[in-house]
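Encoded as structure tokens, the structure appears first; notes follow it.
Going in written order, the chains are labelled A, B, C and D, and every chain counts its residues from 1.
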Amino acid sequence: MAATPMTLLTALNTALRDVLADDPKTLVMGEDVGRLGGVFRVTEGLQKDFGEDRVMDTPLAESGIVGTAIGLALRGYRPVVEIQFDGFVFPGYDQIVTQLAKMPARSRGLIRLPIVIRIPYGGGIGAVEHHSESPEALFAHVAGLRVMSPSNPSDAYWMLRQAVQSDDPVIFFEPKRRYYDKGEVDTTASDQPPAHRARVVRPGTDLTLAAYGPMVRTCLDAAAVAAEEGRQLEVVDLRSISPVDFDTVRESVRRTGRLVVAHEAPVFFGAGAEIAAHVTEHCFYHLSAPVLRVGAYHSPYPPSRLEDEYLPGIDRVLDAVDRAFAH
Amino acid sequence: MSGDGIRLLTPEGERVTHPEYGLDAGPEELRALYRDMALARRFDAEGVTLQRQGELGLWPSLLGQEAAQVGSVRALADGDHVFPSYREHAVALCRGLDPLVLLRLFRGVDHGAWDPDAHGFHLYTLVIGSQTLHATGYACGVAKDGSDAAVLAYFGDGATSQGDVAEAFNFAAVYDAPVVFFCQNNQWAISEPNARQTRVPLHQRAQGYGFPGVRVDGNDVLAVLAVTRAALEHVRSGRGPFLVEAFTYRMGAHTTSDDPTRYRDSAEVESWRAKDPLLRLERLLRREELADDAFFAEVTAEGEALAVRVREGVRSMPSPAPEELFDHVYAEAHGEVDRERAEFAAYQASFAEEG
Amino acid sequence: MSGDGIRLLTPEGERVTHPEYGLDAGPEELRALYRDMALARRFDAEGVTLQRQGELGLWPSLLGQEAAQVGSVRALADGDHVFPSYREHAVALCRGLDPLVLLRLFRGVDHGAWDPDAHGFHLYTLVIGSQTLHATGYACGVAKDGSDAAVLAYFGDGATSQGDVAEAFNFAAVYDAPVVFFCQNNQWAISEPNARQTRVPLHQRAQGYGFPGVRVDGNDVLAVLAVTRAALEHVRSGRGPFLVEAFTYRMGAHTTSDDPTRYRDSAEVESWRAKDPLLRLERLLRREELADDAFFAEVTAEGEALAVRVREGVRSMPSPAPEELFDHVYAEAHGEVDRERAEFAAYQASFAEEG
Amino acid sequence: MAATPMTLLTALNTALRDVLADDPKTLVMGEDVGRLGGVFRVTEGLQKDFGEDRVMDTPLAESGIVGTAIGLALRGYRPVVEIQFDGFVFPGYDQIVTQLAKMPARSRGLIRLPIVIRIPYGGGIGAVEHHSESPEALFAHVAGLRVMSPSNPSDAYWMLRQAVQSDDPVIFFEPKRRYYDKGEVDTTASDQPPAHRARVVRPGTDLTLAAYGPMVRTCLDAAAVAAEEGRQLEVVDLRSISPVDFDTVRESVRRTGRLVVAHEAPVFFGAGAEIAAHVTEHCFYHLSAPVLRVGAYHSPYPPSRLEDEYLPGIDRVLDAVDRAFAH
């Protein structure tokens, strides 16, 4: 089968449909994932086709959802959990950090917990409080979790499939403001690189722009603008932030000599810090300028009328690029 | 205690008695309750409209829950303190909150930044169940102060599944905190019916924590008022918390983003329409000739005036200044915020220069 | 249902009947129960000693809770699955876990890394209450599998305050999960007595979630066995969860790090000593001549042999290899772990070179 | 009154005693803080002297503790909450992140929540799982919180007093393996620098060592060893990690040209990343070597027999120093 155009949302739905069909041990669970198909419709139609036993509406309790998913995984199931919005993952954070992340190491590998926790995340959709956050750094610091975020429909499909297949717990951040982005998805092209490999999505020679999830498109757009001004920016889609594919990033930076990291999350203690610190340590003599970070401010996600100021857009990315060249 | 719960007014508008709960309400009070509900309903409808017109980002309609909200809030004394969830618009109005202040949240101008002390009405809380613990702590503080104020905490049927609500029940019970837990069981948590949240009627939950819980007909404003009054008296007397389950129905969508036809039958909605909280009080007022057409016309006019004020106010609502991003995060200086504020100012200024 | 709970054997060793619960236990079974309890007690005492000698980092003694643990675990079938907390040493022994494997945790050699499937005995869980949700999810899985296995989840009186336990109760109730929640109410959560955790007897908690809860005399191994059997039968039949509150007493310190004289009276401890679970079964066995001195001597000798094996095994327990730090974090390769493993190896090698 | 020698533990106890005596609105609450005086005895004797109404034993539920503390603060109280061990803060994480940190900004400053959350943290005490962790980065990334950790008795006393006095929520990390360290404390010397100011605790010229909490002593010991080898290391006690006193760190690095950051927490996404990223950006041309980070590995805290390998000690700090000089 050739590639089909679909939205990122449909790609996710298709991936879930395919994993449910492939493996009877796979389950989908969360608030409103059944009859309603989730508030974003990522799970649309799944309960109808796979039954209430496989696609479970749960009580409204995130700790309960994650905790029971762990129990189901201990029994041999592979739950794919939906957290309704980024800001509502925290009641489940204890189960994620103290149990899901640690139980495999606690048991010296005797226990594996193949659980995927899907979290629609990020802002830019004009939502009320708690519906626009980017808490990925709070998971990446926790050993035992894999943390990833696709930026386009094809990756959404394949990375979710890989996440479900992985025997490790995966926190799967879905860029909700890109749900309706369209792209080609070839559901038969199973020779995909693993989710933890970054991808150069636009080659360039003058500066490396690293991003993941919703900011990849922003960075591509920024690179297009910069190209008009004669600067060739290389854009790296990290795809995964635990682990980070530093090989790809270092290789790029050694060529370009400059790096800007962009994410929606606040800069302070964000993913950009880890990437800047690591790359600087390992590419010290290749850098013509310090690694610069672009992200939100050290302030809670603001009311939506301020989100354009809060979130880094093309202009702020280009401003950082300018500053990197000014060095 | 099963079925629709304690009732003092039938859907047909007839007053009935209850062995334990009674209400001695004169014509004026009855009319005032009707007015509260009617204004809330009109305000709510305007919220839906404004959202449809793109003036609001979101609106969670209270349609159908007017009696549960008005009956409960009108049981309070001035010094009492309310901890709402996010759908308590009628409660907000009755506490005296300016509706335009409330609408700032839904327009995305702020996060609902009213002064909780000004009206004894805490901020809306969107993380399900969280506020029940704040209410409990506040109530512990009230008791420490030796005050005889009481606290009223609102939450939904879905919220009862959250660990925080269970912890709030237990802390309140252990500390004898003067808090009434008021659950508006509107039958739905977005698309999930009660059966997905609980095995038993929700008021029973209280028994397991050692305090009383009752179910009241949440569409009967008189019963809600009577039961909440009794509950408040109970908690004020130092006997610890009390749970009221107001059995009601969410007539509209969960919020304007929701499409309830995907998950529930219109027959169910229709059956609840027959229990409409306003209609039954109107029937009583008319049957007993406690209000005439002029009264209802007046209330309607008042509602329209409110709607106009709200509409105009929302449309002309100023957006916040971008610098606000940095202004309220901390009470005292914080190096990171200061640095970012300065960078932001310089960045903004660079456009001014360019432009 | 109040007081000490359902009882089939008095502290004086007399069998009594109960209208709902009975136990048809022959001499062999009674002796086996005594042996289980005696071996657990001896093992536990050795744990305390080894900690005092510096061989273990910590030991949470089960002294006084032998009947609650042995009675409940012996009600299980082979394919059933246990989710313990961290004090269920008697349960571990009865499930067939090698005591030396268990002691690795307390020696700091591992975190308690036994294979949960080998004995139907999950890992110890130190974060209070967490395991009740795992038990519930596991039970949901059991039901999905169409298996008639049951799940037994242990937790303490203090744990009942945690939101996770409430959520577990509710999920299990809503999903009709075949799980018995077994609360060992040993009266204390470190220094906090029941009164700081709950307003009502803990078994009542279940009612609020719509499933049965009973209190059993936790120092009466026969009653615990009978009640747990009934509870397991209940959950196996598809009727959803069941809560057993075993009313018992923590005779020792919370752990070897604790000093209970700071917060409780020795009179209270003494009053519970009179209800000793082993003593009362011994009295029964002797009175009814179901066991003789030789039997008790044999059990004592067996206990001593166990203690010797444990002592020697602990002392000669190898420490883990440092590389283990990197071995089990992920099932599949993780760049950060790989890099750190390599750095660590290089760093270690640098000492080897120097030295 | 002149300075008195006391342990860090006694200093904390004294600070709590003094704030309870000074302000009737101050409360102490948590598990076992009353009769027992806390499992570490930090609250010893307080309930006896100030009563059960001011020093409250709570039910065993961290979300409940933090949530009710917020309610008490809304009523005008100033609760000082004890979380029994680092690994048990997570059930309360949701209330901390979504409510405690955000309610002040949510209310545009109308609400202030003067709550201190004390957390004995860090390893090296031979404990079982969940009793040795260093989760500070998971709080520092969250806007609205202040995060600090004293390293010595005098700071323990004064920083705790300042934390209680602050109108902002403070996560106060206590270095439990330093509880019995002794030092001079002058409880009358109230002209202390604010908690968010770092302090140069050992001046030096060749390299800056930045640390906080339990690692300050380790770094001082490392500096003493290095001095014997002729290297003068400057040790900066950061004291606070949200905010970080970058002025002091940059000033030091501009002089020394080299920076090593040490903490017990895992390096990956840890505080060292933020400090390295920031300092590199702002001192790019002053650095003779990349900023190096020393910390634990990306692995859950191990069983205690492995903690010496897991935790960074003097040798690992000195190894990083060597590597910085090798550049």
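Throughout what follows, a residue touches a chain if its C-beta (ideal position, glycine included) is under 8 Å from a C-beta of that chain, and two chains touch if they have at least 3 such contacts.
Only a predicted model underlies this, so the values are computations on that prediction, with no experimental measurement involved.
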Pair joined by the larger number of C-beta contacts - C-D, A-C: A-C
Reference chain C; chain at largest CA-centroid distance: B
Distance between chain centroids, defined by C-alpha means - chain B, chain C (Å): 45
Chain A and chain D: spacing of chain centres that average the CA atoms, whole Å: 31
Mean-CA-position distance for chain D and chain C (Å): 36
Where chain A and chain C are represented by their mean Cα positions, the distance between them in whole Å: 40
Per-residue overlap in chain A, given as positions that touch at least 2 other chains: 58-59, 61, 63-64, 87, 90-91, 94, 98, 105-106, 129-130, 143-144, 242, 268, 297-300
Junction residues of chain C, two or more chains touched: 110-111, 127, 161-164, 167, 170, 174, 196-198, 324, 329, 334, 336-337
Chain C residues within the chain D interface of the complex: 57-58, 104-111, 126-128, 158-159, 161-164, 189-192, 196-198, 257-258, 262-263, 319-320, 322, 324-326, 329, 334, 336-337, 340, 344, 347, 350
Chain D residues touching chain B - in the complex, by the definition given at the top: 53, 58-59, 61, 63-64, 66-77, 94-95, 98-99, 103-112, 143-144, 146, 166-168, 196, 242-247
Chain B residues touching chain D - in the complex, by the definition given at the top: 110-116, 122-123, 125, 127, 130, 132-142, 144-145, 163-164, 167-168, 170-171, 174, 324, 327-332, 334-337, 339
Of all residues in chain D, those that touch chain C in their complex: 31-32, 34-37, 39, 57-61, 63-64, 87-88, 90-91, 126-130, 267-268, 297-300, 302-306, 309-310, 316, 319
Residues of chain A that touch chain D when the two form their complex: 63, 87, 90-91, 93-94, 97-98, 101-102, 105-106, 129-130, 137-138, 140-144, 242, 265-266, 268-274, 276-278, 280-282, 284, 289-293, 297-300, 327
